[in-house]
Amino acid sequence: MEETWCYQVSGKLEIPYRYFAGEFLSRFFVELRDHKKILGVRCPTCAVVFFPPRSICGRCLSPLGEWVELGDTGTLQSFTVVRYSEPTHPLQAPFVLGLIKLDGADTGMLHLIGEAELSALRAGLRLRAVFKEKREGEILDILYFRPEPVAKEAGR
Amino acid sequence: MNERVAIVAWAQTAYEACKPHQRVQEMVYEVVKKVREQTGLKFSEDGTGIDNAITASDDIWDARTISDTPVGDVVGAHHRSEEKVGQDGAQAVFYACAGILSGHYDVTLVVAHCKESQPASRNLITNLTFDPFFQRSLGLDYLSAAALQARAYMDRYGISPEQCARVVAKSYNNARGNPLILRARELSVDEVIRSPLIADPIRELDAYPVTDGACALILAREEKAKKITDKPVWIDGMGNAYDAYFLGDRDLWDCQSLKLAASKAYRMAGIKDARKEIDVAEVSAFYSYQELLWTEGLGFCPPGEGGKLLDSGATKISGQIPVNPSGGVLVGSPTIVAGMARVIEAAIQVRGEGGSRQVSKVRTALAHGTSGPCGQLHTVLILKG
Amino acid sequence: MEQKPNLIEKQITMSIPCTFSTGPYMGRFLREIRENKRFVANKCPQCGRTMLPPRIVCALCNVEAGEWVELSDRGTLISFDVVSIPTINPMTGKMREVPYATGNVLLDGGDATLWHFLEEKDPSRIRVGMRVQAVFREEGRTGAITDILHFRTIEK
Amino acid sequence: MSRKRNVAIVGIGQTYHKSHRPDVNQVELVHEAVRAALEDARLSMKDIDCVVHGNMELFEGIHQPDMWHVDGDGGFLKSGFRLSTGGTTGGTLVSAADHLVASGLFGVVLAVGFEKQEEGHTTTGITAMADPLWGRTLMTGAISGVRAGLLVKEFGERAELAAARLRVKAADNALKNPFAHLKLKITVDDVMKSRLLAYPMRLLHMCPESNGACALILAAPEKAREISKKPVWIKDHVTVHMEETFYRGGPQRIVPSMDVAAKKLYQRNGIKNPLKEIDVFEMYDPSSWWELEWMEYFLQLKHGQNIDLVEEGATEIGGRFPINPSGGVVSTNPIGATAMIRVAEAALQVRGDAGKHQVPKEVRMAMASSFGGTLWTILHLLTREVEA
């Protein structure tokens, strides 16, 4: 077949969706929205405090229900400076995504890192959550995590 | 296992940035036509032909619900059976083997396709893997997730950007012996290091390029295989395993699901010392650091020593355990297709048909595929001559 | 103060711009419509059936169907649907306008039906077996299905 | 179908099916079915070797949802596969679990299908199956009156009454099934006066959009007998696909997949008279019109005998050939799970565990069908006894 017949057509795939967090996770988002509290959940069988919270332990399938209030401070585990742009991004590039182990949690939280010198980013950096003024019950009710002043770091 | 399954034929399209002249139907037809010509097999259920088809593709990548519908005609599915694995092609090969080992089918056509050039960006698709509540709205996609894994791994074990760049240079240079990789060229470590950062520490050349392509292979049970070809390539070991989902749940520098998948495949194939017994490995590294990390997970070296293994020259084509003599995914192999293309490249090595990319004296080859973010699901297959 | 929900929902619209390749078969079909306002179909060399829109192989015979035939722009209505339920069109993410009618038309000279819109939307005025003719867009054809406006009733 | 070893269903679980489940997220919904199947089999996740997962991505807009769902389906550090074949997905998952166990590669396999239809737009998701360069502009999901119109043309009001009667049968049966979604008390008159969608297809003829999940556990013989007092054996299954485009009438005669599948299945298993040899049938009935039409193919009836059987009441729960004692798909439809629910319900009938919707006769052999894609079919044949 001749290639002369071929051409390309612009189109798109666009569908709106509506997701439900469910009763269990809603508690997390309501606490975040109304009280600026970050909750995790403990699996007594695995002896792990999970963030994000979840109603089932993926490791042992136990139902979970023991909420744990986590700190709004934590330690940077890994990070990346996102330098490309997509409509899915919450911020204009470049911006920083980090995995943060919140104080009191055993698993890492993904979030944005703000107010940070890129050259100062490193694993082990102490961070504190900055909350949005007008909170809607979503993960971006935390604006980002910013580095703690160095002097305070010594006291941890 | 007394019953064995063999690969009896295979074909791949050229892997290039965009195939503007083909729809997925036509891309798949190109490779199906070749494997049918090689074997002379027709589609039939009377015991003389191809009696089942397994396809690998993805609805969102193809922008089409039930993405196996358009390729059904060319894989002979009309009035016959076809099943779609919505994952990496290595999973499709594994699953197709099970269909034969179960006694249900004799000869199975397996195909995989993806046109990564079709969507405006791959990141728009992989962002949709992430849950709508905790990860998706942060803009995470497979690229930024991989960057978080790369940083965690490199920090943990002191892997350098140069070592990652060396993986890329090796891939591009190896691929010059692979006529299907249209972007193969001589590439220096320096050029990789000078390419722009896209998601630290990943640079443009550390990431696999946007690629269109398809591949096909035919699997047959032992007695059929021996009739179809003089040179069957046996699949003697298979294993796979899922890791946890949330990136923060995982020790990203430690690929426990790959270790588990590999141990299952090795046990089935009777392999006790992977580094000694495996003659060549084709692994799915979508980002350069992954080749180093996956060689650790496969047990070719202790944890943290993937960089050392590379530096020792062991993974070169002439080395003790060559990795990706084909050039691998880093030079161009689309997602979904990647793992099955690795199976085919491993089979080429077992048959000794690798031309200038052929590794000497290959008896046992390993093929690896991965699905999901940061290697959440790994698939390992062991091939023997 | 407004009551905030305690069950959390999240709305996200998936929107993926795509570039679709026509390939030589669909490409030839669409280009003939765009450039010559005519219908072509490909024919199976084995069973002789025609395919609309054209596809690379005849699924019944597993052979490449490379022969081409020209079909009339007139034909007979084989079946139809009048759709009155508005649903979201995945190509736009927006609601479709209803009602609309589609029909399967057996074009003169072929043995496969072509699916397209019918101009007539009143089910009481549509009859299986009636004669219809394609109405092509006069200006600005782009090589898409919309180069044909609809099929018009020419004989009841 | 020849097989290396026998495989049995040893665990059956499903969620309640509803149109609104804001109380659970997707992971939790999938988990409900998994937990129910594990409890039914009295197993823990430690006993499971492999998890097979499936649904359709564009219904919820989640890419590779098996990744997220490992947190609820137990897939963590297990082997697993994701298969997706449209409406037939649930049936494909059962076939897959059968392949995986029969192969000797895995001893106990868990299959789970799910859909949370309310999170997306079902009709839009289905429309996206059409060719983006042609049919997608024209299609509105699976709603079409074309085939039903042909039945009316040939059989007149008898066909309309039969379709309505089948819908009432489904509603009556669903009232007996605690898991069914739509629980309607309706009459033939209600059906025939319900809102017209595409003549002669009416709202009550069509399946609903449900949120739900179904899970089955399959095991090899030795293990199956250890786990379950009443293993249900997978005697055979057959998958029959059709070409890319829907058959839309005209002079080209294309044999429907339902006919091809039934012939293959019956021939391989020596079934000469399905009406007598099969005790109950769970059919994937996207609408009551299709139940009526497809009866002819699935049961290899003489043309028009389907209407006779409906008029006789033969397919009612107490009839001589019950179809869909569960209430069927017109009562319950979480698409990625729907076809698996057919197998699950057929298995419950074989076990005698269907409760109020158990058919009042001995069930030795049951059949289940799956429907999807461009009118594809899968048939599963289940038995109470098995030849060694």
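In order of appearance the chains are A, B, C and D, and numbering begins at 1 in each one.
Please note the rule applied: a contact is a pair of C-beta atoms (placed from the backbone, for glycine too) under 8 Å apart; a residue touches a chain by one contact, two chains touch by 3 or more.
Just so it is clear, the model here is predicted, and its values are computed rather than measured.
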{"item": "Chain of greatest Cα-centre distance to chain D", "value": "A"}
{"item": "Interchain centroid distance [CA atoms averaged], chain A/chain C, Å", "value": "45"}
{"item": "Gap in Å, rounded to a whole number, between the CA centres of chain D and chain B", "value": "34"}
{"item": "Centre-of-Cα separation between chain D and chain A, whole angstrom", "value": "39"}
{"item": "Chain B residues counted as touching two or more neighbouring chains", "value": "20-22, 25, 60, 63, 72-73, 77-78, 124-125, 128, 132-133, 136-137, 244-246"}
{"item": "Residue list for chain D, restricted to those that touch at least two other chains", "value": "22-23, 25, 58, 61, 70-71, 76, 121, 124-125, 127-128, 131-133, 242-244"}
{"item": "Of all residues in chain A, the ones touching two or more other chains", "value": "3, 6-9, 11, 13, 15-23, 25, 29, 58-59, 87, 138"}
{"item": "Arrangement of touching chains [line / ring / star / complete / other]", "value": "complete"}
{"item": "Chain A-touching residues of chain D, taken from the complex the two chains share", "value": "21-28, 31, 34-35, 44-45, 58, 60-61, 70-72, 74, 76, 116, 118-121, 124-125, 128, 132-133"}
{"item": "In the complex, chain D residues that touch chain C", "value": "22-23, 58, 61, 121, 123-125, 127-128, 131-138, 140-141, 143-146, 149-150, 196-199, 242-245, 248-252, 254"}
{"item": "Touch list for chain D against partner chain B, complex", "value": "1-5, 25, 51, 54, 56-58, 61-64, 66-68, 70-71, 75-86, 92, 95-96, 98-105, 125-129, 131-132, 238-244, 255, 257, 260, 264, 372-374"}
{"item": "Chain B partner contacts - residues on chain C that touch it in the complex", "value": "8, 10, 12, 14-26, 55-60, 62, 64"}
{"item": "For the chain B and chain D complex, residues of the former touching the latter", "value": "1, 3, 25, 45, 58-60, 63-66, 68-70, 72-73, 77-87, 91, 94-95, 97-104, 125-126, 128-133, 238-246, 256-257, 260, 264, 371-373, 376-377"}
